[in-house]
Amino acid sequence: MMDRIAKSDLAPPERPDTEDVPTERLLSLTQGLSRTLALAGGFLILGAGALVAVEIFARKVLGGSTGIADELTAYALAIGSTMAFPYCLVERGHIRVDSVVRFLPRPLRTALDLLALASITGFFAVVAFHAAETALVSFERGARAVTLLQTPLFIPQGIWALAYVIFVLTGIAIFLVAVSRLIRRDPKGVKSLIGPRSGKDEAEAHL
Amino acid sequence: ADVTLRVVGQPVQNILYTQGETPFFAETLPALSDGRIAAELISAEQLGLSGGEVTRMLSNGAIEFGSGGLNQAVGDAPRFEGCDLPGLTGTLEEARAVCDAYRPVLEKTLEEDFGIKLLALAANPPQAIWCSDPVSGLDDIRGRKIRIFGQALTDFVNGIGATAVAIPYADVVPALQNGVIDCAITGTLTGNTSKWFEVAGYLYPMSLGWAVQYWGVNLDRWNALSEDQQELIEAAYADLEPVLWDLAARATAEGIACNSGEGPCELGIEADMTVVEISEADAETRTAVIRDSILPAFAGRCGADCVADWNDTVGKATGFELAAE
Amino acid sequence: MIQVTIILLLVLVGLSLPVAAAMGLLGLALTESYSFLPLASAMGDMAWSTSTKFILLAIPLYILMGEILLRAGVADRMYGAMEAWMSWLPGGLMHSNFAFSGIFAATSGTSVATAATVGTVAIPQIEKQGYNRSLFLGTLAAGGTLGILIPPSTNMILYGLLTETSIPRLYLAGFLPGLLLVALFIGATLMICWLVPGTRGTRTRHGWSERFRTLPSLIAPLVIFLLVVGSIYAGIATPAESGALGLIAALGMAWKNRRLNWPMLCEALLATMRTTAMSMALLVAAYFLNFVIGSIGLTARINQLIVDLDLTPYALLLVVVVFYFVLGMFMDTLTMMVATIPIIAPSIFAAGFDPVWFGVLMMILIEMAMITPPVGLNLFVIQGIREEGEISEVMIGALPYVFTMLAFIILITIFPQIVLFGPDLLSN
């Protein structure tokens, strides 16, 4: 059941020979890693939910406040959601408007699929650079959160920036796999890897 | 114009923006320079900034000219809140005098640590406590749940024996109404224009800070200007500063007048709140909380050099003294 | 500058680049062309402050709650109850679909989860009872949209964040219009069944005792609604926090129905995180773009342009509604919100419209966008569930409800009290 989600239609089973291609091994590694990271991020969010419940209990029943819930949950949200970026990319979860390009010839659409992947990887590479910069500035200034914990900000920001870097590496890995499939004349494989999601994919993701 | 300044300003509803920055950048500055200097002003709010990011962006050059709250930058440099700690100063005049005394410290921190040139300082109406249930003094507030923002206010609220709760500004009205919180802290005029008086009948106007703002320019951008331009802009900001303080004084007066429904009210909405008188005993409590909670915590955050600087400036102006850790 | 920006955005989005990338790259391109300041340096601090906004925690919590409820086995019995109560009307189960959607919407923060749930339980019924397939599918797609109008609602959270509007007030404002829209949907369906032959399907009657026996299945949604929405007004939790209570209840129900296990939890978490990551990427890019277009003076120009048009408030409103209607045909709704609200909302508020009222209008516009062709998420979801036939069937079936929503927009414009009654109750 879990496998259905992880692999979905990324690795068509009718081509057993792909096992030997290095880029396909890279792909399954990327898929596994991204899924693990997203799950970890999910548990961070789940933990944040639990902490919020503790805070409500503390306030309503004990008449106090943990004083740390809003800060820690904010970090969990930033880090957890960014940790899921690679998985979202692997699952082709980013919104693309293909109303126009769906009428273009196949090779052109493949080129656009590659461009789409390059664009999101490229933009978030810029974000990753500046996220790292933010963490670094926090480190140099000794910046601390203005909260009870006075958390040194470079710690959560550093982890967060690292998640962005992993996203960029994921983008590069998928790009390599797509190009390799293109060279091996496997347009279907390219489409299932980086093509826009169909309505059916969309529904499946929510079921 | 020879040069057009890109300026990031105060929140759009704020009098410092509407009657201070807007006419200054649209008319005063161009007039003073015979049209050689123009400016395009936009509120930080319209840029999607919550205010805390402005200092870092002035520092890295993403913002050229801008203004931001000192309290919003304390994470990067604890010194920033030195002249605006909760309850440190009782009146706006006092706050102005104390921040003037502290100016060299701010100037140095901004320039050396952040690459920002300080151009002006000003403030807002006081941060006061708004409560839904009757209040006659600090004693009544003990044990209540109070919406705060920032650690210094948490220190103060804990210092008077209340519980600090962090919730977003937009949710304060329903939270006050249904009892998630009993009281909330914000500026007397800000809360008024957000209609807090509809759910909070009691205003306890002890100032817990003045949301002191600084106006500055990225140093690289500043150095790219000619000497003439620099002189002109610096002089213009020096003229702007008293205007801003006057606006703050007017807003402070109206903050009380609007909420109580007594006196002229043009900037806010006339309401019918009970504005509590601050007793002698409460003033003493305030001094004790500052001395025993706020200042030691500040000294701990700020470090030894900062303590020395503070004692030389704010300490002399207020009569308090920080002990180094 | 305005033309260049719009054309560039259309080209980038039209080329089917991911919308987050299109917005971000547009921001970088505008910086290169129109700014002498290194605006990209703002990205790190902006992205951090966007990603750490406490209120945004509500989004993954609501989504996770929905994903778990979807798998918790509460929907089937709920649908049975709606069938017992509603299917005697001409049009039979189609009314049950709307009633179910309305009730499920009160436990779900998104329209997609609502549509997916109602679609899963209802689609097997189509063939059984001889309905007009197209119309039946349309009721599912349209009913699903209620998920964001009836609280809780992730889209209202986003709107509240982008416009600094109180979320509890928005929630109260959405409630009555939500119920009214359910009634209008049911009314429109009755009218179609009356006018168009062959659409009525099979009417079934259930005795009163049978009806009352189904009521316990409504306890689950009631508990979730009371925890997530009720807790806000009972003074227990803030909107950002309330999702945590609903999440715990949803986990409890799944556990009670013996559906809670490790693979199920992993699936729910992964589906949640995929949507959360997508939303966060979009928000980070949108905040950056908004910063750039503000910094280069474009926001000021657009505002000036709107002022120069010198429209009356209602003319301005009409322009905005038409704009969103057209945009909503082609664009994803989340994108539509984050890309346009920061620019359009201030003008609307300046024209004297209430932010809470406009928020509800916005929700209805978004609901409409979800079922207008060619790009409508709910159409895709319903089509995806049935796995056969042409999507055009769903599109045509949903059209009557697009017109119903348009009529509803006119109604709340003439009678804004429908929206403001709830929040006014709060302030008196």
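Order as written gives the chain letters A, B and C; numbering starts at 1 within each chain.
FYI, a residue touches a chain if its C-beta (ideal position, glycine included) is under 8 Å from a C-beta of that chain, and two chains touch if they have at least 3 such contacts.
Being a predicted model, the structure only gives us computed values, none of them experimental.
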For the chain pairs A-C and B-C, which is connected through the larger number of C-beta pairs in contact? A-C
Could you name the chain whose Cα mean is nearest to the mean of all protein Cα atoms here? C
Most remote chain, CA-based centroid, reference being chain A: B
Averaged-CA centre spacing for the pair chain C and chain B, given as whole angstrom: 38
List the centre-to-centre spacing of chain A and chain C in whole Å, with centres computed as mean CA coordinates. 24
Chain B residues counted as touching two or more neighbouring chains: 56, 60, 166, 180
Residues of chain A that touch two or more other chains sit at 70, 134
So which bits of chain C are touching at least two other chains? 40-41, 45, 54, 236-237, 240
Chain A partner contacts - residues on chain C that touch it in the complex: 12-22, 24-25, 28, 40-41, 43-45, 47-48, 51-54, 56-57, 60-61, 64, 67, 70, 112-113, 116, 119-120, 236-237, 240-241, 243-245, 247-248, 263-264, 266-267, 269-282, 284-285, 288, 330-332, 334-335, 374-375, 377, 379-385, 387, 391
Chain A residues within the chain B interface of the complex: 59, 63-65, 67, 70, 134, 137-138, 141, 143-148, 150, 153
For chain B, which residues count as touching chain A in their complex? 56, 60, 74-77, 113, 143, 145, 150-152, 154, 163-166, 180, 301
In their shared complex, at which residues does chain C touch chain B? 37-42, 45-46, 49, 54-55, 160, 164-169, 232-240, 287, 290-291, 294-295, 297, 299-300, 342, 346, 426-427
Which positions of chain B touch chain C when the two form their complex? 6, 8, 40, 42, 46-50, 52-53, 56-57, 60-64, 166-171, 173-175, 177-180, 195, 198-199, 221
